[in-house]
Amino acid sequence: MSLEINIDGRNAVVKELGREGNLVTFQVDDEVYQVDALKLGEGIYSIIYKGRSYNLEMIDAGSPRHFTVNSFHNSYEVEVIDAQTRYRRSRSKGDASDSSNTIVSPMPGKIVKIPVKTGDDVEAGQTLIIVSAMKMESEFRAKSAGKVKSIHVAEGDTVDANKVLIVVE
Amino acid sequence: MSLEINIDGRNAVVKELGREGNLVTFQVDDEVYQVDALKLGEGIYSIIYKGRSYNLEMIDAGSPRHFTVNSFHNSYEVEVIDAQTRYRRSRSKGDASDSSNTIVSPMPGKIVKIPVKTGDDVEAGQTLIIVSAMKMESEFRAKSAGKVKSIHVAEGDTVDANKVLIVVE
Amino acid sequence: MIKKVLVANRGEIALRIMRSCREMGIPTVAVYSDADRSSMHVRYADEAYHIGPAPSVESYLNIDRIIEVAKKSKADAIHPGYGFLSENAAFSERCKKEGIEFIGPNADAIRQMGDKITARKTMIAAGVPVVPGTVDKITDFDEALKTIREIGLPVMIKASAGGGGKGMRLVKKEEEIESSLRGARSEAKAAFGDDSVYIEKYIESPHHIEFQILADKHGNAVHLFERECSVQRRHQKVIEETPSPLLTPAVRAEMGAHAVAAAKACNYHGAGTIEFIADDNQNYYFLEMNTRLQVEHPITERVVGVDLVKEMVNIANGFELPFKQEDLKQSGHAIECRIYAEDPDRNFMPSPGTIRHITEPLGLGVRHDGYVYEGYTIPIYYDPMISKLIVWAKNRDEAIRRMSRALEEYKITGVKTSIPFLARIMEAEAFKTGKYTTHFIEENKDFLFAKPECDGVCEDIVLIASYLEYSAKLEKTRSSEPIVKPASRWKDSQRGAFI
Amino acid sequence: MIKKVLVANRGEIALRIMRSCREMGIPTVAVYSDADRSSMHVRYADEAYHIGPAPSVESYLNIDRIIEVAKKSKADAIHPGYGFLSENAAFSERCKKEGIEFIGPNADAIRQMGDKITARKTMIAAGVPVVPGTVDKITDFDEALKTIREIGLPVMIKASAGGGGKGMRLVKKEEEIESSLRGARSEAKAAFGDDSVYIEKYIESPHHIEFQILADKHGNAVHLFERECSVQRRHQKVIEETPSPLLTPAVRAEMGAHAVAAAKACNYHGAGTIEFIADDNQNYYFLEMNTRLQVEHPITERVVGVDLVKEMVNIANGFELPFKQEDLKQSGHAIECRIYAEDPDRNFMPSPGTIRHITEPLGLGVRHDGYVYEGYTIPIYYDPMISKLIVWAKNRDEAIRRMSRALEEYKITGVKTSIPFLARIMEAEAFKTGKYTTHFIEENKDFLFAKPECDGVCEDIVLIASYLEYSAKLEKTRSSEPIVKPASRWKDSQRGAFI
């Protein structure tokens, strides 16, 4: 199997060439690695490569295809690119405002206030919604001017992470 | 559902009368209990009954039907009695030696020595097999006199828990 | 004698209190909201009672309900922990009325120190230095000049009616006074319709240093030395240590004596903290008093060798303090890091969720006060603190290295945490040398948020792990579920599930 | 200066050593057998190399292989931990030959103290008391009588060629000497074909008390006080504490001086332990020297405030000890419990298996040194120790209560552990009062193995939990598997699985 993975902006192709027990051979772009790889717990990996012991923690970042990967001193944002993503990316090319003015809850929380209503004209920077989680309120503002197309939650609602809250077009 | 459960020699019938979320009503023999029961981890239960907080740890004891249950100050041996068990029990009634001269590995380990062979006559107390685990050797002896009927492992073998090692009849 | 303690709190502090009660042989009663049935304090306690819905105002702040549980469970004392009802004078009073011992100060002391003006006046009367300045309005230049000369430059001119930075001027030189005063007044007039201002000493390199005190009901009070809490973000403490790298023994002794005086001035009993602001020259001023146990109390416990919760219970029981000031010594160095479920790279946004894996830091010199476990879901309703990591070592340098080591051991998956950020602080030069103020995070943000170097290999290894994780997930879902699903799908867990 | 340390060990002690190396900024190299790829020390180290099959003779005892890895990884020092190669003179010698620093004593000291007769002679020469007795064979009654009168009753007559209790007689009164001597000799003759015997003082109420020593390469040596290790089962230590409840300050100082003399007598350098046997009257005798770090070293670290592993590395580096005897003090009280995967109710049978859930004890005064994690399978090949739980408190009584509290917090499922047994010891009167000898477990077995009382309700609650656990399992298997399956089925786990 081969996967296209984006790591902090770099697109790389990771291909599994073979495995024998937990010794796995990979090709990452042009480099070939034989590693001893072990999953030790939920999101905990131990990889030994040329004697070096690497410990990696995979933290879900919103979707099954997104991880934050911690290795003690570094932290990486990783996204697995699948066909759907490529399709979505190609569609939205040159139309950055399309998705950027969709407010998605970055964390589970409670809707405190929605100071706009459907059909309102909004300016860039205008507060669209206030979400509270863990004693902290976060304001989400419009990235650019537009009209509120749809509101998917109501004040007082409890929402999961990655839920679409408001769409501005 | 209703289960027959043996706890340290007492046979009790546990019957679930109803549940609403994690509030469950049980009948244990003649007593009715409404408890707030939660599984918090693998084998970790929190039960609140009349305000008392009970913490129970279930430790597998050889088969899915056997547990050791720890509640900080007490430890119980519990066996769920199913149809198969009842059948086995009724068959072996009055024939205690039947199973008692079958040596079963109580833990995973390595077979160090088998000083008997199939067909040998053995006396009560004679060593049949020596198993080593974690730097400690355990000798298993015949409970009563008999003839070695079958040997299911060889010296040097690594065995799982609850494997039949030797049968004497 | 206290026979059963209700702990009116949750999370790590509820466990902290129950631990000491258990060691004293005192049974404990937990209270919990809808969001907390699976929380550790419920299992830890001997008894546990539900007190209401998740929002704290309907549960952990519901005085009637908590008193009701105390009576039902025959708890004869209540420990409020920190936050929630811990500095609520009405709650302390209510407990008294109901014949329940409130393990904390009485209502008068809470009120007296809770009101800033009253507290300031009490401190002045007790001879405790407060931030120099005028409370009265100033409109006249000569008066302003006189005051500023008394206080000493730099000063801050602030609008009496003000707020939000309007009508505020920092004055560093005497020749700036006139124009600054004029500017502040006209801005105040425009903004608030009132041109009166007041003047306060401006502390240029502020250090937040607080003193732990213990006082019994018989008039005895001691301090247990200081905690340096200057590593702050938005006025929230991030890291605390003791001893403070700023203080000399002489100033420490003087501040300690003032802290004891402050406690005596309000007839305090129980554990409390006197917060001071200090400058680089160790000039210090009373800021406020926290009339409760602090989050960061463990570092004091470690270097002084005293269990503060046990002392609180003993004080509530009416015992005299078992030690005098001269019996108390600081030994070695302790540091605390607060571990939050938050994302340092996204402006510390809270990151609630389900804990998938924990590797806890262990070994020599490490104390860990936490409450989460694998499979536990951190609720969105409360403080995002996961745990407190406390280390001790013979000296400050070793303590910093030990904290680095412990942070490296500490692995949590499932939620984002502040661990990498805290680890970075341990490597910052200003922290390592101990020369830092409350501006530390702001002044060092380039270093703290920089991405450390990584060779191509380490990035490729990350890619390989990502491949493995993704393909494992793919495998897991292939049979039953479409691949693209909302994140919550991955939170499904056998553990923590209601039966 | 040591730049990289290979740790020739596994389990908790490998981690313990790596922790201190990391705090010193020294990278570490792990070695592991087939059974240990998923073991924590492999992830903890900076580098990790496979050294052979699971049986330790082919891996952790394989000197050639370990030296090879040290060279390959450019490790310039090896720490052997305890067990395995830690007291192997040939290994120490080999390291020296290969130019690798062995973090421990040199081969001569290991040999000198490893041989019982040589060690005894060395101690006698150094003025350290040894168990009174004869080394030479005795065949004559008059000689025996003379010797016994010198030693003082009671004595043990033992067959020179003997073992296994044959040809052994305990003599309490002088009039028993003749018949006991005759009996022992004829039994020895029958069993071993040799009727010669020797005589040794019998210690009636034996206490196992050991002293920690540190010695540098410059002739400086100090002791770090004692550890009381009398809670033993089959000569295996179960619980250790310091200070010993038996010793008075005067005897402690005298024993300490003898411990230092013992270390100096064999030109020792590194960390070592002098084991003594003492009676109720604090008469004490040298037993043996352990020329390595002990399992129970953390209690010493806690009350003295010294990191023993760091001191070992510094000594290996050729540094002088940073303290003198008079700088060292005991502060407070520390207790260690060894947590084993074993079943106390079935004669402590080992209980290897997969850890399903752990709740680790946390909070004030608790140190935990472990290496297992949820999903980890404890291999059958090595020692069944899961972890060491160490508590500290101001005094012994509080330390016992704290240990009880910590043991109650510590929950492990998946394997049986000694936790309930250890908790029971904390409640035993003889332990609580500190009046115990090495016969403690035997003498208190009725109490220690008794089943505490439980009302009908608590038994019924256990039945309810069993119902829930069984029905959850039933649910889980119903779709795919027959219900009755071997136990190993339940060990299947996503975690720890080889990818």
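Letters A, B, C and D name the chains as they come in the text, with residue numbers starting at 1 for each one.
Operating definition for what follows: a contact is a pair of C-beta atoms (placed from the backbone, for glycine too) under 8 Å apart; a residue touches a chain by one contact, two chains touch by 3 or more.
This structure is a prediction, so every number in the text was calculated from the model and none was measured.
The chain with its Cα centre farthest from the Cα centre of chain C is B.
More inter-chain C-beta contacts link the pair B-D than the other of B-D and B-C.
Separation between the centroids of chain B and chain D, computed from CA atoms only, is 31 Å.
In terms of their C-alpha centroids, the spacing between chain A and chain D amounts to 50 Å. Inter-chain spacing, taken between the CA centroids of chain C and chain D, is 41 Å.
Among the residues of chain B, those touching two or more other chains are numbered 24, 37, 39, 41-42, 55. Residue positions of chain D with contacts to 2 or more other chains are 44, 357, 359, 373-374, 408, 468, 472, 499. Note for the complex: chain C touches chain B at residues 29-30, 37-38, 42-49, 72-73, 373-376, 494-499. Within the complex, the chain C residues that touch chain D are 15-16, 19-20, 22-25, 44, 298, 301, 305-307, 331-332, 357, 359-360, 362-370, 373-374, 394, 398, 401-402, 404-405, 408-409, 468, 472, 499.
Within the complex formed with chain A, the residues of chain C that make contact are 341, 345-346, 349-353, 356-357, 359, 374, 380-384, 408, 411-416, 420, 423, 451-452, 454, 456-473, 477, 483-490.
Chain B makes touch with chain D in their complex at residues 1, 3, 5, 7, 10, 12, 14, 16, 24, 26, 28, 31, 33, 35, 37, 39, 41-45, 47, 49, 54-60, 62-65, 67-76, 78, 80, 82, 84, 106-110, 133-136, 138, 158, 160-163. For chain B in complex with chain C, the residues that touch the partner chain are 19, 21-22, 24, 36-42, 46, 48, 51-53, 55.
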